[in-house]
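Sharing a structure, written as structure tokens. Questions coming.
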């Protein structure tokens, strides 16, 4: 009995040790994910268009490859973290055309992607070489990526997720399997659109109270002890807006990209959503005024500019 | 040292025992608050237009009075829980005219009131007999009232709140002093408007996912592990909507009243708030379709009716 | 036969000549209305808080009075053109208290008024002395007033309107009896809210085309030859915006006042109106940015500021 | 001098007689356009997937072809009236591949098309055979098509439009050249989105007045004499809604398609347009409730259902 358990344990251990990871896309999120996987002792080969990004990852223990095909060669689990779903699809097309995608590998795409493009990639790579594509929406930002504490929402096959889970555990604190292919990116974009909505309605409500002379800390304390609370009133505003530092680290154009995926989804399924549409318009105005690289929480300035009050610590 | 502590304790105890409470308005909220105060051993005299309501409170240990003046006679702390601020103002006018409001009493008004009416009452009763009016927004619903676990947001004088706090502690789990007269009702109405906004945007987002085939429990689990979470996604929808029971116990017209107070406040201070205005319209449509006494969470049916999906447990 | 016609003509002429008018409120609109009535040969006695305003009217042939009671003394038809309905009600209360309102006179109130306040005044003055109050919404602005070409929407009794019509004809090109007391002000405020909505949606649509490089004159010509046309695309934008003169002469705060009356009416009758609410928010933002005395058409600048295009003549 | 004029006239006449037209797409609009062109004596060869549609056109004097290539063979001016821009692009691709598109012909596309797809077709057919593609948005509905009184907004080259103008004159009462390729469809979709906005805001405003007891005919008369007027208040509602016949003949899904083109354009150029977005949501709700083939004016029923009033003739 004991020896049997020990054998299984040895097998599991050797399986995990033998897992090889290929990682393509080393931006603000990807570089930290790759570094954390390598830090766990898992062999991790990386590629990015930017040589500096590759150097960063190599400095954290990854192996550098000359191109994307080199990064994924022989990998059991492939990770991608790219700007857009069309970039992931282009990569998939190129790897398939070159026969470079490992047979039966699991592909974890952490790009903030578009549900129907992900469904298309899922079918293409399964057809080409039995690869299993998981659309994996992640939340938590660069800090969550660095801390290995991202929250993941995964669409695709359950057995593929089971295979990738031990590696994913090095970068993700929570992993939820939310449904079939496409569901991961859909839930991610809806989650971020709800976040955007909670940010904007909190701004409207709090600035109303600010104009009435209510101190912001006490308003937030009351709301957080009552029913109007959200992650925004509990964390984002107290930690990143009251100080006027706007130092969360998530750019407005990336937030708008996630909202935009939800808007496209609404269009595609003829779903009425008047409140989320208005939130989209407000962030659209925000980017028009503040530029794409403003911090996402800075949209408050559009409204502050119109009402003469501010969300800040009491003097 | 010990005897000194014992003496202070005795004093505190006798002070609390000697506090007399008058309570006017024994509706779904008021009756439980009065019962909890009486249950603490505090002498509590009550009145309501409805004899049944008075009977309920008497059954819980309160003393019944023949009229409002009788209920407040000799009280140190007066509580009101009435439909609207104008009812509280009418009561204040009548008690002042009759000289029935006890000198220097503290008046805790738990009505979902209107900031500027509360400010007017504050000034009137201070002028008439030195009474101190606290506008005390409460959150938590009838269940919170019954459990003595309401969250209170109080506007008015800090010393008056200190005086009333020991009695308030019997019905309120959290009490936050949010600012001068009017601020309690303002924060309450904004809190409830944020709640309404969180409800509606969650409905828009979740029904989008439901149309895409994502199970509601997994969507909620993912969102609650990520950044889109609110009290609504963590408690209201899992506990009261997924089951299709809609059994929270807060009627749509009462919710709309709170939102309406915020809308009036926006008008009064010329504050732009496009997203909260749209939320108001959606609840207005909800009441038009479902009637005033529908449960507030039932507004989801307006949207479900338009998209052919439902927020419910997976089959 | 001929002598009979001549007799009727003499009677009509003498009836009209014998009509005496009292006019209170000589602002940008009132002064021109009073001047046009006096210019018709009708004896017109006026009063305003501003001596300059009275001097203007006297210069146009009116008689000046020392106070409002003096202006209406002996009048068959009383006109008012005041800032708000509450001012009209205060005047009515004062005249009634002083017994200064002529028995059975007809009172034409051209103030941009509130329907339910007008209904209250209607009842008060009928009770006091049989006076007939007409709530008379007018459109056309100061230029329309000066040209005697205002459009009037009148609520109240048909026979009273018939009595006042010959005098009203000197300042109004079109008079429509729209319903019972209150209907005139209601239709006026809804009309102006539709105008505001047409302005704002035209701005959104035209700036979209401007960003695509379509010349504004041709876009307007096409729309005006098709189904998207309104008074705004046919007159306001071609005549007052393309030139960037913004010279129509209707201030933003007055426009917002009319919209506000509609918003209050929506509140009062629980009417959902999501699009008109959003228009209200946009004009609220406009006043916040541009100030109350900006021209109403200048709200375009809020949107231009966000999209980098302008509605102007092609270079 | 006289003989010279006669010669020019003969030349013009012979040029017009010699113009040959090919027409593809004989739906509710196309069949009437083709019939009117044939009725002018211009040789017109037609094709449609539906044999019934071809029979109708042949009955009106057109010649039937066996396929699209047959319809356009030898044509100087090609007309299309297809469901969507992608259908036009597929036709263009097929004709180009088959070498069936006449050299240097002018192609007038009256489809409610998408600006950037039209720009793509413009380039493709110019490259292939020097054909000149005009994107020609038309307004007026089937009745306008039948009466030969459509309003056209044309994007593309001015000289191509000049060539096609004599033929277009047989079906279009007004033709406006609005800009380069794409501009015609852009102006058309914005025009129809403004129409939709005017419809919806008129419904919100008029139902408010209906709830107050104002007769609809008098409300419309007043608004049409004042500044709130649009084509909707002057024609659509009086002629097609007051009677409750909803007999204009433009289906809700077609209206939504035009609005959708504008929404896509807003997305593409990052243009904030909060009011038009809300209008889109209201029509989205309308189609969800009434189905795609409801008349576009019937969206009023969504709002009537929520407010208990109706826009109809007084009893």
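Read from first to last, the chains carry the letters A, B, C and D; within each, the first residue is number 1.
Here is the rule we use: a contact is a pair of C-beta atoms (placed from the backbone, for glycine too) under 8 Å apart; a residue touches a chain by one contact, two chains touch by 3 or more.
The model shown is predicted, which means the values in this text are computed figures rather than measured ones.
Engineer: In the chain contact graph, what is the shortest path length, in steps, from chain B to chain C?
Structural biologist: Minimal hop count between chain B and chain C: 1.
Engineer: Measuring between Cα centroids, which chain is at the maximum distance from chain A?
Structural biologist: The chain farthest from chain A, judged by C-alpha centres, is C.
Engineer: Could the interface between the copies chain C and chain D be described as same, meaning over half of its residue numbers are common to both, or is it different?
Structural biologist: Same; most numbers are used by both chain C and chain D.
Engineer: In terms of C-beta pairs in contact, which of B-D and A-D ranks higher?
Structural biologist: Answer by contact count: A-D.
Engineer: List the centre-to-centre spacing of chain B and chain D in whole Å, with centres computed as mean CA coordinates.
Structural biologist: Distance between chain centres: 56 Å.
Engineer: Suppose each chain is reduced to the average of its Cα coordinates; what separation in Å results between chain C and chain D?
Structural biologist: 38
Engineer: Averaging over Cα atoms per chain, report the distance between chain A and chain D in Å.
Structural biologist: Result: the chain centres lie 44 Å from each other.
Engineer: What are the residues of chain B that contact at least two other chains?
Structural biologist: Residues 271-274, 278, 281-282, 285, 288, 306-307.
Engineer: Contact residues on chain D for chain B in the complex?
Structural biologist: Within the complex, chain D touches chain B at residues 274, 278, 285, 288-289, 305-308.
Engineer: Mind listing the chain D positions that touch chain C in their complex?
Structural biologist: It comes out as residues 115, 139-140, 151, 153, 174, 176-180, 182-183, 186-188, 190-195, 197-198, 200-202, 204-209, 211-215, 218-219, 221-223, 225-231, 233, 262, 265-266, 269, 271-276, 278-279, 281-282, 303, 306-307.
Engineer: Please give the residue numbers of chain B that touch chain C in the complex, ascending.
Structural biologist: Residues 260, 263-264, 267, 270-274, 277-278, 280-282, 284-285, 287-288 of chain B touch chain C in their complex.
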